[in-house]
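I've put the structures underneath this note.
The following pair of complexes shares a single chain, chain A, combined with chain B in the former and chain C in the latter.
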Partner chain A sequence: MQPNINVVSLVSVGRHPQSGRARRAEQDGQAVELGLKLAGKALTVVHAGNAQEPVLRQYAGMGLPSLTVLAQESNCDALPVLVSFLKDKPIDVVLTGVRAESGESSGMLPYLLAEQLGWSLVPRVADIIGVQGDEVELLLALPRGQRRAVKVKLPIIASVDNAAQEARQTAFGPGLRAQFNVLTVESVVDESASRWQINAAKPRPKRLKVVKAKTAADRMKAATAKPMGSGGKIMKDETAAEKAQAIFDLLLEEKVVR
Partner chain B sequence: MSHFSSEDSSLDSLLRRDPRTEWIARNRLHPLHSAVASTGQGEVRGPSGLLRRNPHVIGFIGPNGIKRIDRENLSSAGLNSKKRTDEAKQTQLPLQIVENPDGYIMVVADMIGGRLTSHDKDILGLAHQLVAESNRNTVVVLVCFGESKETQFDLAGVDRLIHLTADEFEGFAPEARVAALMQVEVQYQPERWLFPDSVHGGTDLACRLAAKLGERPVAQAWQVTASTTVSRGASSSQDILRETPRILMLMEECANAIEETRHQVLPMFVDGIEQTPPNLVDQGLIAVDANAVPLAEAEFILSAGNGIHNWDQFHATALALGATEGASRVAVDDGFMPRARQVGASGTWVTARVYLAVGISGAIQHMQGIGQCDKVVAINTDVGCDMVKRADLAVIADSEEVLAELSRLAEEYSSPKKRLSINEETKNQEEKSDAA
Partner chain C sequence: MMLDWLPPTLIGVLLVIAAIGAVRRMNLWRAGQAEKVDALAGLLAMPKRYLHDLHHVVERDKYMSRTHVATGGGFVLAMVLVVFVHLFGIDSKVLAWALLAALVMMFCGALFVYKRRMNPPSRLSKGPWMRLPKSLLTFSITFFVLTLPAAGLPIVGKLPEGFGGWLLTLVLSVLILMSLSEMLFGMTWGGPMKHAFAGALHLAFHRRPERFDGGRSTGLKPAVLGEASHGVAKPIDFKWNQLLGFDACVQCGRCEAVCPAFAAGQPLNPKKLIQDMVVGFAGGTDEKYAGSPYPNIEVGNAKGAPNQIITDGLIHPDTLWSCTTCRACVEECPMMIEHVDAIVDMRRFLTLEKGDTPNKGAQVLENIIATDNPNGYAPASRTHWAADQNLNLMKDVRQADVLFWVSDGAFDMRSQRILRAFVKLMKAANVDVAILGDEELDSGDVARRLGDDATFQSLAKRNLATLSKYQFNKIVTTDPHAFHCLKNEYGDFGSDGLLSISGESVVVLHHTTFLNQLVKDGRLQLDTFKGGKVTYHDPCYLGRYNGEYEAPRELLATLGIDVAEMERSGYRSRCCGGGGGAPITDIPGERRIADMRMEDVVSTGAELVAVGCQQCTAMLEGVVEPRPVVKDIAEILAGQLIEEKH
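And now, the complex of A and B:
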């Protein structure tokens, strides 16, 4: 736990991938988890939307004494109310998920917040290592399980990747007992989104492997042949050291050996 | 067969007919018929001047007295002639030339490992679809950062290329990259910006640019025309249909890659990129335990088969190289490796960029598992095995010797790095780290 830093986690209503029911969003849960690790009970958790939403109790059940709700309709834009809430507050770190599980899921919210507040944005955080002075050191999750360390000046907005620590279980009782601070805010309807047509997702067509061969013999070959490379280099008579060197050079060139 | 392949060139030259040989060639009962037919050049023209094929002269009599038709040209130095036809095909692709363009579509590529990914190529294909729809003189511009090893930009559909190679774009530098894109925006005012919606940096750059420009982008787009776009929303459970915005993040397989044309790849330049010192300071990649990375996602796999006899040495080499360990089924069945490490049809399908197969023969069940690997390196004692045929680099040697040399090289390579002073070390790491 880091002393004296103000952490805010933003949470939304998730969607279960199989049943489609509302649930605690996975990455938002991880953002709360990371926030609890950083700030403990001092963590502020904010939701912009319906204060009566039962899913919010699942977040509260992670051990939050209270939860802040900026009450607005579901067709409203969360950005302006969040900006006016976060602005002029002594906040150091804002944690969000990478992409929401409901709505447009564009992943733009953290970027727009960062742009409008003038803070730095750190994408896909796996862990926060520590805070020294006004700098924070974070671990970013890269594809293929790699990690990158990054140093940033506070305040920051960080989106939390699935590689971060899993969210703890929620407890039903404490969730019910948690205090909800409902703030009434002036909200703006998302006009352009109301013009969209939204349908249930159609399955995407799989790409077919079309063989563009001119002759029947070529087509037959393409259908039956084993996957073969383009016929690479074969080293036979060199010494073992030379052969190993050739392999090692290839590994260096591909940058897989660091 | 050979006389058929020379048809094209002889058609160009002046046609001289010799009615007598033609007549002999047609008349199978003529005493000179076999001599004329076997000379081969007698391309036979019928009375109307049409080219005639004589099915009786195709093929040859095999050793067992049965007539054989060699359609794949395997007997006549197969590999050489095939390569030549491949090259001929490539040069035949028509070159598309666009002069004095009046609009630009920018495609910002991920370029993992310095090469266009299939995702990048699909997006270039989509960009050309959009150009074709608009009926204007628009060019497709590829914007890429850092070192490039790609040699086939022209075949992927790149009309113009903006290649930014300065030091500040190396490693993890989203802010510097966005600053460059902002300058591109000012200088060229592109019609559209297309990004791959990927974890390799495409999404991040697109979102940053959209936030800076104050435009609403579309994410996870998969059906795009010049007027409307269908994108996935609500964790891929909904399709959202809307007007096509100017900034798009596109899913994989959103369109077909360019296949039938070549493009110019003319360089374009961006000047006066304003760089402010970045807020995000890259501290380099962190060493992760290679064996903790899931096998299916691992970037570099050292895989062991029945040809490994010294298992301690194999594990030590994997550790020294920082490679994730894999195995063939035989190695797993014999109890040397856990089942979770098996690569292949009944194991894991891997996506490694480099797959180093030691003592693996390359059975089809194993090959299926490594279909998506970019570079395959084989170490094997048998030149004729399938793994050597598939490999980009094959080494014919005893596995134990080569692995010993490899771990020695790896240790030599890593030990001077440790001795570097601290400031040099961070610089070095930046160089080594891939554009993420």
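And now, the complex of A and C:
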């Protein structure tokens, strides 16, 4: 646990992939878990939405004495109320999931928050090692279990990757007894979202990956090895202009820019 | 004799000390939570409960039951008469002779206690219990000699006056002090004789009076939800009569001898558990415990106090999670102590308050909450198994004779074979049957045994709401766990409100019971079974929980099968290891319970073991081959079905 750092975990209402029922969102649960590790009982957990939502008790059941709810209707945008809640507070770390399990699920919330608050954004955090002075040292989750250690100036917004510590079991009793601080906020109806028509997504069929490995060791390699791009090149010593030119050429080549 | 006053004084003083001890002990029990009992009826029924119900259990060990009748009966009678003859000094030859007779009886009994203690089996506690036969003998001999003059056999009187008589009285007094300390002082201040005092009251104020007179009461009591804490955290969170019950334990170790977790080397011993409960509410350590420990846990380090959290230093949570809730201990306990209630009470605290269910526990509970089945399958796939079964859905027909409760076996390919076999039999017998389909939810069995009574209660209420939409006469299920919940535990949430088509209350049946009725009614034509030797494994939740031992055996008999019984069968059946969420919490031991059960099967020489439970099937089939084949009774019957040709 870190003394004297203010940590806020943002939580949303998740959705079980099989039953479609509301649940504690996995990554948000992990954001709370990481928050508890950093700040213990001093952690602030915030939800923007309906204070009556039973799922919030599942977060509270992780041992939170209280939970803050920015009360608003489900058709309102979470961003503005969160910005006004976080702004001007002495907060060091805000933890979110990478993307929500329901709603737009665009994964944009942490980016927009960081943009509007002017804080650093650290995506896909696996763990936070500690805070020294005004810097925080964290581990980013990279594919295939790799980690990258980075140091970032506080305050930050960090999205928590699935690779982070799993959320602890939620207990019924403490969840039931947790205090809810329900704040009235000026919410904004998300006009554009209300015009959208939402359909269930169908998983796209996956292309079969034919592995021509002869031995188990080869198959293991095929399953775990980093895909080795043949085309790319590493530019370290070139000038910034040369690097930019290389990126621009690639974008042209891939028809991203026309 | 100058010291004539000494024996009566001693008796009087010890009686007073015993009375003080009794009050003290009662206060310890009263620190528990309130629980209503019918005190008067209980006290009046107590002698009958002792003579009939308790003895029914003790009787399983003939040696001990006779010994106990002689010793215990002799002692109680003798003690009453001692008070009249020696304390009040009533001069009556009849009383004195009666006292002599009682003492002789007690003496004979005590000799047998002594004999058993010469080479005691490992399940018996040693320590002060080894002293008990000697105290019993001393008591009977001392008072015999002391009573001789009153009976008109003045051997003592003939002894020289003065020093001789004085010395004899003194010696007798010392012996009185020794034996009465054990019998009276020990009874209320925590010696082995405590079992007589606490045991008698425990019988009177038992939390499940339905168990007496041959009744059965196996459903767990619902947890009260929404209070400041859930489940039992500290000894004083138990009901007062549960505490009293713990105190009644005679440390006979019968529970230990039958406990599958203990035999598997998991850290559980039901006898030690009950003794630890006593340590908890009386305060202190387990240093003086003189029986078998929890496997691989040293005795002497456990500390407890009435107000101290039990899992903080008294009992390791693994002990509680090792239990399969098989009820073998409860069935075997001569004092009718309720181990399983206590264990689940404490699990409730761990799950509902601490959020600390081991291993897969948390995930299973989360799945049940989010999908109504333990493995997190899509609820909409619950009826996929029946795609080719042409079964009516209640939603469509709204009424049927039989509601087939499918249970979560619907999601498991092995269990589906049992389900299909049962459907085949019902079709052959032209049963008017319907299923709930996707409206059915997990029965809540696993959630409840894992201590999550909130989830159990939610499932029970939602299932009952579904059931009450339709009309049917019977609920039949192939899963003894669901059977137990529906039959014995949903009652607390209003299952009595379910009415059959004709307006009577709905009956819940296990498929073996139901199939047996069909066979008896001649609705199933079955061929004789020509395979090899067959044995039958009684599922705990069918047998001990619901008393159904006969129907499965009768069904096998109709196939011409002469069941080769295992040594542990019927009410003594050994658990397969699959109950109580044990495969989920998966506490390590030295052996697997299922392996031990399969050894039981193998020792009968059977090639096929018949079961009546999908969980038992899964556990026993999980034993490595080569081993006997495992089949549900429905599968065996379906294999012998003579189908009419059209």
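Assume the second predicted complex is superposed on the first by the 202 of 258 C-alpha atoms of A that agree within 3 Å, B and C clash if a C-alpha of one lies under 4 Å from a C-alpha of the other, contacts with A are read in each partner's own complex, and residues count from 1 in each chain.
Throughout what follows, a contact is a pair of C-beta atoms (placed from the backbone, for glycine too) under 8 Å apart; a residue touches a chain by one contact, two chains touch by 3 or more.
What you see is a predicted model, and the numbers here were worked out from it, not measured in a lab.
Enquirer: Please work out whether A:Gln169 is in contact with chain B alone, chain C alone, both, or neither, and reply first, second, both or neither.
Expert: second
Enquirer: In the superposed arrangement, which partner chain does A:Arg23 touch: chain B (first), chain C (second), both, or neither?
Expert: In the superposed model, A:Arg23 contacts chain C only, not chain B.
Enquirer: For A:Glu254, select first, second, both or neither according to whether it touches chain B, chain C, the two together, or no partner.
Expert: first
Enquirer: Going by the touch definition up top, name the partner, chain B or chain C, that contacts more of chain A.
Expert: B
Enquirer: Name the contact category of A:Gly63: first (chain B only), second (chain C only), both, or neither.
Expert: It touches chain C, and chain B stays clear.
Enquirer: In the superposed arrangement, which partner chain does A:Leu208 touch: chain B (first), chain C (second), both, or neither?
Expert: Neither partner.
Enquirer: Residue numbers of chain A touching chain B in their complex, please.
Expert: 14-15, 17, 20, 99-108, 111-112, 114-115, 120-124, 137, 139-140, 142-153, 192, 195-202, 204, 207, 212, 215, 217, 221, 226-236, 240-241, 243-248, 250-252, 254-258
Enquirer: Show which residues of chain C lie in contact with chain A when the two form their complex.
Expert: So the residues of chain C in touch with chain A come to 225-226, 228-230, 351-357, 361-362, 365-366, 369-372, 376-379, 452, 454-455.
Enquirer: Name, in rising order, each residue of chain B that touches chain A in their complex.
Expert: 71-72, 79, 113, 172, 174, 199-200, 203-204, 207-208, 210-212, 216-220, 222, 232-242, 253, 256, 259, 279-288, 292-294, 297-300, 321-323, 353-354, 356, 364, 367, 371, 374-377, 379, 383, 386, 388-398, 401-402, 404-406, 408-410, 413, 429, 432-434, 436
Enquirer: Of all residues in chain A, which touch chain C in the complex?
Expert: 16, 18-19, 21, 23, 61-63, 168-174, 176-177
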